[in-house]
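What follows is chain A paired twice: with chain B in the first complex and chain C in the second.
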Partner chain A sequence: MRSILPILMRKEITQFRRSKVLPRLVVMMPIMLVLIMPLVTQMDIKNISVVVLDEDRSLLSTRIESHLANSDYFRTQESAYDYNQAVELMDQGHVDLIVSIPAHFERDMRNGHGQPISLTANAVNATKGGQGIQYATQTIISAVTEIAAESGLIVDPTSNSSSSLITIQNRYNPTGNYRHFMLPALMIIVLLLVCTFLPLLNIMTEKEHGTIEQINVTPVSRWEFVLAKLIPYWLLALVLIGLAMLLAWAVYGLVPAGNPLQIFLGAFLFSLCMSGFSVTIANISNTMQQAIFVLFFFVIQFMLLSGLFTPISSMPIWAQWLTYAFPPRYVINIFRSVYLKGTLLTELWFDYTMLTVLAAFFYTLATFTYKKQN
Partner chain B sequence: MEKSPIISVRDLTKQFGSFTAVDHISFDVYRGEIFGFLGANGAGKTTAMRMLCGLSFPTAGTGTVVGYDVRTQSELIKRHIGYMSQRFSLYEDLTVAENMALYGGIYGMSQSDIQQRISELLTKLQFADHKDDLVSSLPLGWKQKLAFMVATIHRPELVFLDEPTGGVDPITRRQFWDLIRATAAEGTTIFVTTHYMDEAEFCNRITMMVDGVIRALDTPANLRKQYHADTMEQVFYTLAREAKRGD
Partner chain C sequence: MMIVLIMPVILLMLFGFAISTEINDIPIAVVVDEYTPEVRHDLTALENNPYITLTGVIEERDVDKMLRSGKVSAVVMMRDGQRNVVLDAANSSMSVSAGSYITSILRSGTMMPLAVTTYMRHNPQLKSAYNFVPGVMGLIFILICAMMTCVSVVREKETGTMEVLLVSPIKPIYIVLAKMVPYFILSLINLATILLLSHFVLDMPISGNLPTLLTLCVLYIILSLMLGLFVSTMAQSQVVALLICAMVMMIPILMLSGMMFPVENLPPVLKQISYIVPARWFIEAVRKVMVEGLAMSGIIKEFSILCVMTIALFAGSIKKFNDRLE
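Right, the complex of A and B next:
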């Protein structure tokens, strides 16, 4: 008997094309994620409200103030006449950072001793506080260096060690651009949604309409039936990744530092994992609501425990172990490494192997849970 | 009519936990007959039918359908039977012809055979003009007739119809039975469940299931005689009244 896979696949593709919502939504998804999400998931902190307490009133302190005022990161609307009042403003939440420049700061700096500038940050939002201090330090250093250069003064790096201490270098992502870090990960969200929700909705619709029962009384083997459903989604996933990569290049100029085929291989293995997982959930669910809720539960865990938003290395040890069981961890590592560092296939062997192992695992699970006869 | 059985079951039983849906039923269905399967709601008709089609695995008992064992060869049985479920189950978002071609393809028919069969069946239905209509746009009566035709696309030896005329108007019901008889006349065996006693009269033989067991099995005429009834309706009342199970 000739294979009926093409016949079943044609049915799936016709049904997908006739759907009013799905094709449009599926194309919209990578566009939304690539164009809009990098802007809103930005972790660069802006609009830090800063108060400068200038007791020095020197050329240098004025320069520091104007540097802060001209920076994108700071707002300098608030002012205070002394430290206590500034702290009060911080208590009320109007001020995030206090820069206090002690009297005779410029003179003392030339002599190579004296009181340093003190920075006080509101660390309720730890990220904002930390970033604020970092930006302020950099701004102050640049003002100091500027003045030093203008007046031919040599700032001794040993006596005033801040400049040598705080120069920060961002490796692999030279501009420290958060988008370049997020984009490869956002592409994975496209894959995650397309390869879990679409097969799940498809199978549950067939279950609820009773059409799957009609198929179950035919000689179609369960794997032909499921494969015919999944193959189109695998291909769709690869097309969408291609589209997302093109957009990332066109809009942000971001191209993989490594071989793009490695991205596609990772995407493909990940699609296998996720669709096997979603078929398993569809098999054990009785209603659409149940299936969607269960899938949602897992998708949220997948996103949070994948290193997508927060680095895995800063998770508690037990949570780090947990991430090894979830496929997104590997594919995110692959995408980021290939995109930003150009890591080779052989260096990422562990991630590719684990994705293959998990794909095999989910397929075995899906086979055991699919029942044509009960 | 030649008396070779196409379905032959002995003590077929299906239990769901402690509930026995079908309790040791035994019967034969002969090739070419229209076999009616009657019983109140919950009597176990659909469960029995699902075991014969290979959708449900029997808890106990033995049986063969089209010569294959219901316990071990259900996938072989599926090549030779047609099935029309109680719930309409064609793809609503495919056209009439696409649905037919899909099932033709699933049963391994060649492209030319499928095309020939589609025009043959649509002519029989007088429905050729609606070949490219989406199934979702059809009224229920047409959907049911179409589902029956799709169930016979691969010229099966045996077709199972589970309450095929539920919710259908009397004229369409009559047309539907004309189709059943025409199909039976071509040599296809029909196994049909129904609630309509006038339809029972169209069957060659009928069984009455009550609470998971077979209470009667004979021709409609013999059953009327046996229960001293004028109509099948009275036979049904006499037997179904014994039922302990509710709806």
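Right, the complex of A and C next:
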């Protein structure tokens, strides 16, 4: 007897193509995410508005000022008479950082005591405040070192030579392009959304329209029914990843440092995982809206807690343990490692194994929750 | 609909506690050729630094392997009195911080101490929560509210009950408003739990006055409900309406609202787009009220923009609703 699977799959593909919105959406997604969104992912904060309150008026303090003015990170348009006025400007949102250099700073520094320079940052946004302070400190250090070298002011005569012995080498992303770090993650968002929302809504449509009951009374086994629904999405996932990789290469010049087949393998296992997950949710939901709420609840966690945007290592320990249950965690590591570092399959065995285990888990769950009769 | 009440609580707690951009516990390894006093000094300095976790001493040939497999983020090579810091710069923003931590540790013994004190205004402990809690509020409210209302009209269309409503003598504006009310009440309960939790559990300050904050949040909730309604009047089917509200809107709200990435540096075109993301204005205003303690006069710009958006969405939905009537 001929297998029913290809026929069911043809039905799915026809239904998909007949929809007005879905095909467009599926093509727009990678274009939006891979083409446009990398422009947004810029962690570097530029144009930090800084006010310098210089009570020292020495060679050193003017040098610090000119270093700040010449830096790409800072803007020195605003000015203030005193600290209180500067703080007022900060509260109005005109100033992000106040550098105040106390009187006799240069003289006191030669003697090794005295009041320090104080930096005040608007830290409502902690990242921004922290970065502003970090850049300013670096700028001040470079100005101080410069003056110190020029005038023989250095306290410890060995320091100049020894500090030049520290060299820094950036591997895997030598230009320090944050977009190259984010592009693989954005590709994963495409997969994450397409492989969860679409199969879920597809099954829920059948449930709400009652057509699933017609299928249930046919001799079609539940596996054939589910596979016919999911196989097209697995293939779609691979096509979309291919498209996203092409876009990343054509527009941002990013090609995998490692074997592209590893990317495809990761993408395939991930799409297995996520579609199994969404079938489970479909099985336990009664209405489409309810199903979407449950799925959204998990997808937003996958997006924000899997290391896509913020590093997992800076989360508290309990949250780090939680992420072991999140499939995106593994695929993000695979994508980023293979894309940027050329990590080998054998070095990523843990991530591939965990994806396989989670896929098996979700399909077992899906089988148990599926009921042919209501 | 229990999930609508429980979900925001869990998400807020989870994100409020777990999301952090602070970089600590950077795993590093060292390569040492000879244990001179200087090397020992540097090793102790690295070991004692709270931001760095020294995982061990490795062979030079393993450097690439360790970095590639992600076991360490940086390797410090100590040879002939030289210090070569090899960074895994795949995450460029993290590697910059790691590099500056490590160099400052290595320099500390020899370099003159630079006298700098820092003050973090409004957020002295540099808590990421001050940034993320308003962000998560902006994200959760708009998506949940929109997802609740976006099926309201389109479901009636799908099941055919819309015709009944349209031939009834009730004015469309009443139908629309009646559909909003239960969701509005649900959202108010959510608002109360979210504000209580963020203040008492997540330690978010409410520096500004509470009525201002509540007015702002209620306006945002109405806006979000209207957004869902608008999608509902436009969409052809429930599938499309839900896809738009849950999937399509999630991305711009996450990326263009200033929650994850700073909006100040966006390229001009994207900056224009970010102006139409309501969450952007809401998050900014909430930060101003909760953290900086500004009064209504300080957020008047954001508030009026949100007002205009609400009215536009309401007018749009009514118009679309009336179109069906004719």
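By our rule, the second predicted complex is superposed on the first by the 272 of 374 C-alpha atoms of A that agree within 3 Å, B and C clash if a C-alpha of one lies under 4 Å from a C-alpha of the other, contacts with A are read in each partner's own complex, and residues count from 1 in each chain.
Here is the rule we use: contacts are C-beta pairs under 8 Å (C-beta built on N, C-alpha and C of every residue); 3 or more make two chains touch, one makes a residue touch a chain.
Here the structure is a predicted model, which means the values were calculated and not measured.
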More chain A residues in contact [chain B versus chain C]: C
Partner chain(s) touched by A:Val217 [first = chain B, second = chain C, both, neither]: first
Partner chain(s) touched by A:Ile141 [first = chain B, second = chain C, both, neither]: second
Touched partner set for A:Thr14, first chain B, second chain C, both or neither: first
Chain B versus chain C as contact partner of A:Ile4, first or second or both or neither: first
Footprint overlap on chain A, comparing chain B with chain C: 19
Interface residues, chain C side, partner chain A - complex: 3-4, 7, 10-11, 14-15, 17-27, 64-65, 67-70, 81-97, 99-100, 103, 106-107, 110-112, 114-124, 126-128, 130-131, 139, 143-144, 147-148, 151, 236, 238-240, 242-243, 246-248, 250-251, 254-256, 260-262, 264-267, 270, 287, 291-292, 294
Contact set on chain B toward chain A in their complex: 53-57, 74-75, 78-79, 81, 83, 85, 87-94, 98, 101-103, 105-108
Touching residues (chain side chain A, partner chain C) in the complex: 19-21, 25, 32-33, 36-37, 39-47, 87, 90-91, 105, 109, 114-130, 133-134, 137-138, 140-141, 144, 148, 154-156, 158-159, 162-163, 165-174, 176-178, 180-181, 189, 193, 197, 201, 205, 208, 288-290, 292-297, 299-301, 303-305, 309-311, 313-316, 319, 322, 333, 336-337, 340-344, 347-348
List of chain A residues in touch with chain B within their complex: 1-2, 4, 7-8, 11, 14-15, 18-19, 209-211, 213-221, 372-374
